[in-house]
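Some structures are shown below for you to check.
In the two complexes below, subunit A is the common chain; its partner is subunit B in one and subunit C in the other.
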Partner chain A sequence: MSQPDILNQAFELGFTYTRSTGPVVGRFLTELKKRNIVGIKASDGRVVVPPMEYDPDTAEALSDFVAVGQEGEVVSFAWVKHPREAHPMDKPFAWALIKLDGADVPMVHCIAAKQESDVSTGARVKAVWADDTIGFITDIRCFELVKE
Partner chain B sequence: MKEIAIVGYQQSDCVSDAGALNEVELIIPVLERVFEQVGISNAQDVDFVCSGSCDYLQGAAFAFVLGVDALGAVPPIKESHVEMDAAWAFYESILKIRMGHADSALIYGFGKSSPGELPIVLSQQLDPYYLAPQWVDTISLAALQARLMLDQGKITERDMAEVVARSRRNALNNPHAQLKGDVTADEVLAEETYLSPLRKADICPVSDGASAAVICTVEKAQEWGLPYAVITGIDHIIESHNPGMRDLTDSVSTRKAAENAGMGEGKVDVAEFYAPFSHQEIILTRALGLGDDTSINPSGGVLAGNLMMASGLSRIGEVFNRIVRGEADRGLAHTTSGPCLQHNLVAILEKGEAA
Partner chain C sequence: MSEEKSMSEQHEIITGIEAPIYLKYNFTAGAAPTRFLAQLKKGKLTGQCRAEPGAPVYVPPRGSCPATGLPTEQEVEVSDKATVQSFTIVHIPIPGNPIEPPFVVANLVADGANISFIHLMSECDNAEVHIGQRVQAIWKPEDEWDYAMDNIKYFKPIDEPDVPVEQIGKLPVTGLEG
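After this line comes the complex of A and B, so read on.
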């Protein structure tokens, strides 16, 4: 009897369902697909980007959407000298807290820059869109520094 | 209400790579040691068992069940598990005893973090829509927090380096520590940054290992004739999952949890903080207003060895050890979970009256 072939079956570990993202997160992601960024007003009137479904302090359901700018200011940054495989860039870059124009709360995203000394707290950055936007946070590919 | 005491605590060494040992093989020797310490033979001798571990570290669903199997769950035991640090299993066990459903409990936590890429694994605990898909890792988020503190003049890089130097020196007296040594702040500052503004020394190591404790009512502790420390208060509070909505330079939830646990009702001789990054120890010390009369992280803290899912319980165990050895009358143990000190637990331990 000849040696049987080894049986092979491709297997991808993952969730086989899709999730509805609801009226708040879903609205934000749908706007991203259209290359717009929206925030939401918290109970105290602060504009939160990305929008949250509930106010963390009062637990009030939030629904008052506000369009915000695609440029903003670096509130804090971390310079990644050694990017990891899962990271959005394969060369050194910055993670940052970025407060968009019209927002009161910073969001976490990445900044593409040549070197650490190019980035600073208070620097102006603008969103760079992915070639194909699909309604994911990664539709904003990254932010880049605004040349003065 | 019945007073509750800790009567036993054991942990493994913190090692950077446990090699071929699996998680069950990490926890079983520790359980055997805590059984011996308390004078019981197995899990049948306590009323409740609760463990803390994380499937994401092992990469398998219901991975903790292997631990329960090895522990011996037949005849049936009352058992529970938290997908959190075992400090929260400790919390659940206290609730179980307070409700009158048990007089004693065995608590254990274990983690083998070395096979995976821990900072990336932990990115999957974040907001699933806005943060997890970006794969932003825990070290990067902590670096954002550290820079906020530096920019606002709340700390200097030297302050951070001094925390590291003290941890390394304190760890010289901790037989389980992974990183220890006579290191000066100048030597730490001479290192280049790894994930700016953090240096490698500012970041806790990745460790494999386990820890276990036994708690019971004070009556039971006296019946068993064991030295014990009384748990006089415990609370835990979580902050928003949106880092942008939090004051990352303070720890409001730790302060509130400590108030609720009764920290202010006496002096704090010793405090063990779960501060995986040097600047976070400063945030916690200031949030609680602790001064020079409190010994902070005499074990070296988790900068000396970070057992995911067990090091929180170890903070409680370290305070317990100091109280039963007579080095402290009253102490505070803190545990954290989530990015940038998002979720915090505080327990207050006091010397028990002689039986």
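After this line comes the complex of A and C, so read on.
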């Protein structure tokens, strides 16, 4: 019998998890759906975005939500030349730590820009909202550079 | 700020998110399983063994003999009758599979083979499934045959005497009668 060609087949293993968000992250996502960004005030007065459930120093439960701005400053960034399937954009973009106005801690999100040299530490960026917001981090589609 | 007000206007509070993880593989059958699957596409269950008399027959074959490490170059057709070596009754569904729980998953040894493979049992009373029970393949219609073990829909009990435990995995291709 002749040797058939080696057989190949695509195979996908899926773990279809759902996660409970709890009152703090749930509030953050609920606000995103309404196109607001909220942080939470820690015991030392810092505003943490996204909000965290427990104080980083005292471990006390936190509940003092604070609205922050939709613009902010790039604290650091990494340019992605070759986006992968799971990435939020299908063309080159930047992952960035963005400190929103009114926040004391930067948060990770992506920046849409034409090229790497357009992005710099200290640059001003603003949130771009998705057409339909559903209560997920991708409700902020990306940040884009604010033209000075 | 008017946060409390805006919260009260909000009817739908987010309490959960979907966070699936998908692992995408490209499965390559390899040379020996490819030969096995090519025969299966023709409706034949085959094993492989070393080219020497009395060498153990592996179904499904992986290309080498685990006892000696030598390649299993010889192909042997085995029966689609088999013996239950062990089994379990499953009470949760298989995603994407129409079979309804509770169903039986069994380690079956085909007549002429010396190791078991895993398959489904059906058209049986789950409570009466037992080690040593005789079963036979129920095949899909021929025009649906592909390079796949599920060309066999399931195995169904047949009216033959039980195989004593010490003989399971040692039957010739003709079964107990042979």
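Heads up, the rule we're going with is that the second predicted complex is superposed on the first by the 128 of 148 C-alpha atoms of A that agree within 3 Å, B and C clash if a C-alpha of one lies under 4 Å from a C-alpha of the other, contacts with A are read in each partner's own complex, and residues count from 1 in each chain.
As a convention for this text, contacts are C-beta pairs under 8 Å (C-beta built on N, C-alpha and C of every residue); 3 or more make two chains touch, one makes a residue touch a chain.
Remember, it's a predicted structure, so these values are computed and weren't measured experimentally.
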Touching A:F136, do we find subunit B (first), subunit C (second), both, or neither?
-> both
In the superposed arrangement, which partner chain does A:L29 touch: subunit B (first), subunit C (second), both, or neither?
-> both
Considering only the touch criterion stated at the top, classify A:F77 as touching first (subunit B), second (subunit C), both, or neither.
-> first
For A:P88, select first, second, both or neither according to whether it touches subunit B, subunit C, the two together, or no partner.
-> first
Regarding the shared-chain residue A:E116, is it in contact with subunit B (first), subunit C (second), both, or neither?
-> first
Which holds for A:V48: it touches subunit B only (first), subunit C only (second), both, or neither?
-> first
Can A:L100 be said to touch subunit B (first), subunit C (second), both, or neither?
-> neither
A:T21 contacts which: subunit B (first), subunit C (second), both, neither?
-> both
On subunit A, positions contacted by subunit B and by subunit C = 21, 29, 136
As the complex stands, subunit B meets subunit A at residues 117, 119-120, 123, 129-131, 133-137, 140-141, 143-145, 147-148, 151, 193-198, 239-240, 242-245
Subunit A residues touching subunit C in their complex are 1, 3-21, 26-27, 29-30, 33-34, 36, 38, 65, 67, 135-136
Subunit A contact footprint on subunit C (complex, rising order) | 1, 3, 6-7, 10, 12-31, 33-35, 37-38, 75, 147
Per the touch rule, the subunit A residues reaching subunit B in their complex are 21, 25, 29, 48, 50, 52, 56, 75-82, 84-88, 95-97, 105-110, 116, 121, 136-138
